[in-house]
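The two complexes that follow have chain A in common; it is paired with chain B in the first and with chain C in the second.
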Partner chain A sequence: MKYIFKRIGLLLITMILVSFLTFLAFEIVSGDPVRNMLGTDASPAQIEALRQELGLDKPFLSRYVSWLLGFFSGDLGRSFSYKQPVWELISSKLVITLALSLISFALIILVSIPLGVFSYQWVGGPLDGVRTAFNQLCMAVPPFFTGILLSWTFGVILKVFTPGDFPGFAKDPGGSFVHLFFAAICLSIPRIAMTVRMMRSTIVDEMNKAYVRTAISRGNNRWSVLTRHVLKNSLVLVVTFLGQTLAELVAASIVVEQVLGIPGLGRFLVASISHRDYPVVQAIVVILAFWVVLAGTISDIVNRRIDPRLRLGGEDE
Partner chain B sequence: MNKRIFLAWTLSVMLGAFLLSGCANTAAGNAGSADTAAEAAAEKTERAKANEAVVGIAQDFDSLDPHHMTAAGTKEILFNIYEGLMKPNAAGEIVPAVASECEKSEDGKTYTFTLRDGVTFHNGEAVTAEDVVYSINRRRDGKDTAAQLEALSVIDEVQGEGNTVTITLKEASNEFLAHVMNAYIIPADYAELETKPVGTGPFKFVSRAVQDEMVLERFDEYWGEAPGLSKVTFKILENAEGLILGLQSGALDLVAHLSSDQIVQLEEGDFEIEEGSMNLVQALYLNNAVKPFDDVRVRQALSYAIDKQAVIDLAFDGYGIPLGTSMFPSFEKYYDASLTDYYPHDVEKAKELLAEAGYPDGFSMSITVPSNYTPHVNTATVLVEQLKEAGITATVEPVDWGTWLEEVYGNRQFESTITGLTSDNMTARKLLERFGSEVGNNFTNYNNADYDAILAEALQETDDAKQTELYKALEKNLTENAANVYLQDMADLVAVRKGLSGLTFYPIYVLDVSALHWAE
Partner chain C sequence: MLEVRDLHIRFLNRDREAVAGISFTIKDGEIMGLVGESGSGKTVTAMSIAGLLPRKQCEFSGDILLNGQDLLHAERKLLRSMHGKDIGVVFQEPMSAMDPLMKVGEQVGEVLRIHTDLSKEERREKVLQVMREVELRDPEAVYEKYPHELSGGMLQRAMIGAAIVIEPSLLLLDEPTTALDVTIQAQILELLKRLNRERGISMLFISHNLNVVRKLCRRVAVMQRGKLVELGETEEVFFHPLHPYSKKLIDAIPTRDKKQTEP
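And then the complex of A and B:
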C-alpha cells in the first residue's frame, strides 16, 4: 500500500516537474507561436491581437498555473495550430504509438532473452567473435537506416506492406499490424543486441560466483544450474534495463514513424515543437513522463517478484 | 526438487514456444500480408480505375480557413477548394471565377462584379451577393484580426445587390484585382471553416486527419470545367526518404518540390519527372544595417565573389535559373534578364573592392539558415567555399524555422541568411515593396533614398505601362547597389506516376490538381 502511494507521489512530482521544465524551455528558446501562425506578412497589430487571444500576453507563471489547473481538471487545452481540443488530436496517435512500442517491446523480450541464454553457450567458442561483431553491428545500426532498408525490401520489392500508406486500425487492423510490425523490427534490433550483450555478460559474471561452483561440484550439470539459478539472478539487471527500454521506445519511434509514414505521436511532437504549439507539446511531454514512470514502476515490481531480497530489504517494510 | 526441475523445464519449453510462436506469427504475418501485397499491386491500377490519386506533401496545413492560412504549402493545396471573385490561371492572368464579369469605372475607383450564374458552395447553397460582401469584409473590417489583409485596406465600401457586388476604393489601384483574389468566397457567418471547410472550388473537402492526410472529392456542381479525378488524397510525409519510399511503394502518385538527388532514386520506368520553377527569389539576404554590409562595396564584392551557376550545378545538379535581382522570369512583364550577369564571377575584382572598403584581409561573417530547408542549407555550404576564395570566412548557423521567423525575419538579428522570397498574389509589388526603408517587413534593412522615391512613385502610378517601368527601375536599383547576393529561381521538380497527366505549372505557388487525369 505504502509502495503504491510512494509511486503515485513520484508520478505526480515527475509530471509536474517535467511540465514545468517544458514550459520554461519554451519560454527561454526563441520562436513565437503567434508569428508562426500569422506568417511573414503579419502586422504588429495582428501579432498583438492574437497574442492576447491565446493568453500569451500574461506572465509566465500565471500561464503555467492555469495550464496546470486545466490539466488536473482533465482539460489539456486547445491546440494553437489546429484550434481543436488537444486530447482529440492526440488520442488516435497515442494508440498507434503505444501499439508500436508494445509490439517492439514484445519482440525485444521474445528474441533477446532466449538469445542471451544461447549466446552464453558460445562463450569462448569459435563463433563467439562472429557473434560479437554481429552484435556490435546490430547495436550501431540506426532505426532510421533499418527503416529504409526494410521499407525497400518488404515494401517496394516484396510488397508485403506499403510504406507511406498506413491504413489505420479502424480501416484495416491486420494491415496496420503488419505495417507496425516492420516499424517495430527497426526499433527493436539495436535494443535486442544491447539486451543480449547484457544478458551474456551478467550470466558470465554470475556463473563465476561461488554458489554456482558449489552447485556444479555437487554434481548438477551446468545447464540446469544456468536455467534454475543463474538466469533468475541475472534477470534483475536485465529487467531494469528493459524497463528503461520500454520508456525510451516511444521517443525512439519518432524517426521510424517519419520514414514509414506512420501517423504517430512522435511525428506529431516534432511538428508541434517546430510550430511552437505549446498545448500539444505540453500534453505529449506529460504523457511521455507518465509512460517513463510507469515503465520504471513495472520493472521495479517485476524485480521484486524475481528477487525476494528487494522485497525484504526495502525500506517500505 | 522434482517440482523445481519440472518448473524449470516448463519455463524453458514456454520460452521456446514463445520463440517459435514469434516466428510463426511472423510467418503468418507474411503469409497474410502476401494478400495485402497483391492487393497493393492491384490497388495501383485500382486507384487509376477508380479515378483517384494520392499526392504526397511535406507538411501539414497551418489552417483550413482560407482567410487565416499563411503557409505557402497550405495556400498551394487549398487553391483547389477555395476561389475568389477572380482567380489566377496557369498563364499568369487574372480571370473571373465566382464573378463572371468585372467592370472598372473610368477613374479606377469603382469595381462592379457580376456574380456568375449557378455558382454553389460545396454545401449545396447558392453563392449570394451577401456571401461575397461578408467574405471581403472579413478580410478588412478588423473584427477578425488574424484575417486582415493589409492590401485590402484600400477598400472604402463593399455593397451587394441581386447578383452584383460593387467595391469602391479610397484611391485607384492597379493591383486591386490581384488582392481581391485572396478574399476567398466563403458562406456568410459560417463558423466551421477550420474543421469543415466550404468553398466553391473544383474539389470539396471530405476529411482530414491531423499530421496524416486530407481527402478531397470532385465537386460535381462546379461551375467550371469538371476535374479529371474523382478523389484526391493529400498524404503528409515530412521525411524526404518517406516521400520517396511512398512513391516507390505505390502509396503516392505525385510529389512536387523534390530535390535533384531525390529524383535520381526514382526508376525512370514508373515516373515522369516534370520540371517547372518555384517562382521565388533565392538569395543570400544581407542585413544592410550591420557592418560590413552597410558598405555597398562590400556587398558588391560578395556579388562578384559568388558564382551562381556553380551553386546551381553543385547543390542542385544544374536545375535552376540564375537571377540578378528580386524578380523571376515567370513574371515576364516585370522581369529584366539583363540584370542577371551584372556581377560576373570575378574573385580579383571582389578582393579589390574589399581592399577599397578597408578589408584587405577579408572578414568573418555568419550565414543563418532555416535548417529544415535542405536546399538552403546546401546552398550555404557551397557559398562558404566560394567566399573563402575571396578571403571571407563564412560560417553556417542552422536554426529551426520558428527561431528563423522570430530572430531573422522578425527581430532582424542576423548578418546574412538564405531564403526564398515569393509573391503569392501575382504582383511585382509583393516582391519589391519589402525593400522600402520604412516598410515593416524589410528584414534586410535596405535603406536607399532613390529606391524609396521610385517606390512611392510606383505605388501611386495608375498607368500600368508606366508602373511597370518604375518597377523595373526598382529592380535595377537593387542590383546596382547589390542589396543582396541574388542566386536563383529554384527548379520545381515533380514526380508523376506514369499514366497520370495534366499537371500544369502556375507562376505562383499552387498545385492545381483539377486538370490531373489518368490515361485510358
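And then the complex of A and C:
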C-alpha cells in the first residue's frame, strides 16, 4: 500500500516537472502564437488585445500556476487555434492513439514471448544464422516503411482498408480496428524483434546458472526446466524492457499515424507545435509524461509480483 | 551398489584427461569420501555419476553402474527417470543452486512432482515431513519462504531434504559444506551422519578438506590429476598415507600441536 502511494507521489512530481519544462521550452523557443493567429499585417493594438485575451501578457510564473491549478481542477485550457476546450479536441484522438498503442503492445507480448522461447530452441542449430539475419532485418526496418508497404498491399491492392480514410470508432468499429491493426503491425515489428532477441539472450544466460543444474539433477526435462524455472527468471528483464516499450509506443505512433492517415494524438501534436498552440501541446505532453510514468509503474508492479527479492522492505501486501 | 570401472573422461578442448582411469565401489549404506584439490577431477567424476556430464563436449569410456544399471552410456530419457529418484545431488552453494523465484517448499517437493503421482496436498505433507527430518525449524513457514529469505545453513538443509525426499540409492554431495561457516558445517555433517545411520542412504562425499571427510567417511579415495592415488579406510589413509600426495594433504590440515608455517 505504502508502495502504491509512493508511486502516485512520484507520478505527480514527474508530471508537474514535465509540464513546467514544456512551459519553459515554449517561453524560450521563438515563435509567437498571437502573430501566428493574426497574420503579418495585424496592428499592434490588435496584437495587444489578443495577447490580453489569451492571458499572454501576464508574467511566466503566474501563467504557469494558473495553468497548473486549472489542470488539477480538470480544465486543460482552450486551444488558441480552434477556440475550443483542449479536452474536447484531444479526447477522441487520445482514444485512437491509446487503442493503437494497446493493440501494438498486445501484439508484441503475444508474438515475442512464444517466439523468444522458440528462438532459444534454435540456438546452435542450422537455422540459427537465418534467424539472426531475419531478426536484424526486422529490427532495422522503420515503421513508416512497413506502413507504406502494408498500405500498398492491403490498402491499394487487396483493399482490406482504405489508407488515409480512418472511419472512426463510432461509425465503423470493425473497420477502425482493422485500420489500427495494420498500423500496430508496423509499430510492433521492430519491437518484437528486439524483445525476441533479448529473451533469447536472457534465456541463454539463465540456462548457464547453477539452479538449472539442480533442476536437471531432479529429473526435469529440457522443456520443464525452461517453463518452470528459466522462463520466470528471464522475465524480469523482459518485463522492464516491455515497460519501456509501452512508454515509447505512444511517441512512436506519431510517424505511423502520419503514414496511414490515422487522426490520433501524434498527428495533432505535430500540427499544434507548428501552430504554436501552447495549451494543446502542453496538455498532450503532460498526458505523454503520465503515460511514460504509468508504464514504468506497471512494469515495476509486475516485476515485484514475479521476483520476491524486489519486495524486500516488506511494503507489499 | 555403485561401481565405477576404469572411468576416462576428456573434454574436447583439453589435451589432458580430466579423469584418467579410476575405479572404485561404494557399498550399500556406506559413506565414501572423495578428496583432492581443485582441478583433480573429483567434481567431473561426481557429475558423471550424477549423469550431468555435458556429453557432447567430452569423450568418455568405462562403466558407472548403479545397482547394475549403466549410467555413463544410458539414454537421456532413462537418465532423467533416474535423476532425483535414484540419485540425489547436493551442490556446493545452496544460494545459487536454488531457483530464486520458487518457494523453498516447492523446490523440495519438485522430485515428488516429477517422479510420483502424489496430489499437491500429499506432496506438501511429505515435504514438511522431510523438512522436519533435516531439522528445519518451523517447516510450515520455511515452505512458503523464498531462498533469499533463508540462511545458507537452512538452505543447505532444504537442499539435502530435496535430495532425499524420495529415498535415492545414492546421495552425491559435492562440497556441500564448503560455502558454510564452521559451526554450520559441523551441524550439516552431523545431519548427514544421522541420515546415513537411520535411513541407510549411501553417500559419496566430495571435498577438498580431508579433515571434514575424516569426520564422516569410513573410506576415502584421494584424487590427483585425474587419477586415484590412494583408496582405503579413512583412518588408515590418515595415519599411514602411502602416497606422497596424501601426506601433503594431511600435512595441510591445521592442528593445535603442529606449528603452522604458513598463515
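Methods note: the second predicted complex is superposed on the first by the 308 of 317 C-alpha atoms of A that agree within 3 Å, B and C clash if a C-alpha of one lies under 4 Å from a C-alpha of the other, contacts with A are read in each partner's own complex, and residues count from 1 in each chain.
One rule holds for everything that comes next: a residue touches a chain if its C-beta (ideal position, glycine included) is under 8 Å from a C-beta of that chain, and two chains touch if they have at least 3 such contacts.
Predicted, not measured: the structure shown is a model, and the values here were computed from it.
Asks: Once the shared chain is lined up, is A:Lys209 touching chain B (first), chain C (second), both, or neither of them?
Replies: Only chain C; A:Lys209 stays clear of chain B.
Asks: After superposition on the shared chain, which partner residues are touched by A:Thr227: those of chain B (first), chain C (second), both, or neither?
Replies: Touch partner of A:Thr227: chain B, not chain C.
Asks: Mind working out whether A:Leu50 is in touch with chain B, chain C, both or neither, as first, second, both or neither?
Replies: first
Asks: Based on the superposed arrangement, let me know which partner A:Asp128 touches: chain B (first), chain C (second), both, or neither?
Replies: In the superposed model, A:Asp128 contacts neither chain B nor chain C.
Asks: Touching A:Asp300 in the superposition: chain B (first), chain C (second), both, neither?
Replies: Touch status of A:Asp300: no partner.
Asks: Looking at chain A, does chain B or chain C touch a larger number of its residues?
Replies: When the residues of chain A touched by each partner are counted, B comes out ahead.
Asks: Check whether A:Leu110 is in contact with chain B, with chain C, with both or with neither, and answer first, second, both or neither.
Replies: After superposition on chain A, A:Leu110 lies in contact with chain B alone.
Asks: Go through chain A and flag every residue that touches chain B in one model and chain C in the other.
Replies: Shared contact residues on chain A (touching chain B in one complex, chain C in the other): 224, 228.
Asks: Going by the contact rule set out above, which residues of chain A touch chain C in the complex?
Replies: Spelled out, the residues of chain A in touch with chain C are 209-211, 213-221, 224, 228-229, 232-233, 306-309, 312.
Asks: State the interface residues of chain B toward chain A in the complex, per the touch definition above.
Replies: Where chain B meets chain A, its residues are 4-5, 8, 11-12, 15-16, 18-19, 22, 26, 29-30, 32-34, 36-38, 40-41, 54, 56, 59-60, 62-63, 68, 70-71, 145-146, 148, 150, 194-195, 209-213, 235, 237-239, 241-243, 245-252, 372, 400-403, 405-407, 409-410, 440-441.
Asks: Tell me, which parts of chain A touch chain B in their complex?
Replies: 29-32, 35-46, 49-50, 53, 81-84, 89, 92-93, 107, 110-111, 113-114, 144, 147-148, 151-152, 155-156, 158-166, 174-175, 177-178, 181, 224, 227-228, 255, 258-261, 263, 267-268, 270-271, 274-276
Asks: Show me the residue ranges of chain C that touch chain A in the complex, using the header's touch definition.
Replies: Result: residues 50, 52, 80-85, 87-89, 91, 93, 96-102, 110-111, 114-115, 146, 148-149, 159, 162 of chain C touch chain A.
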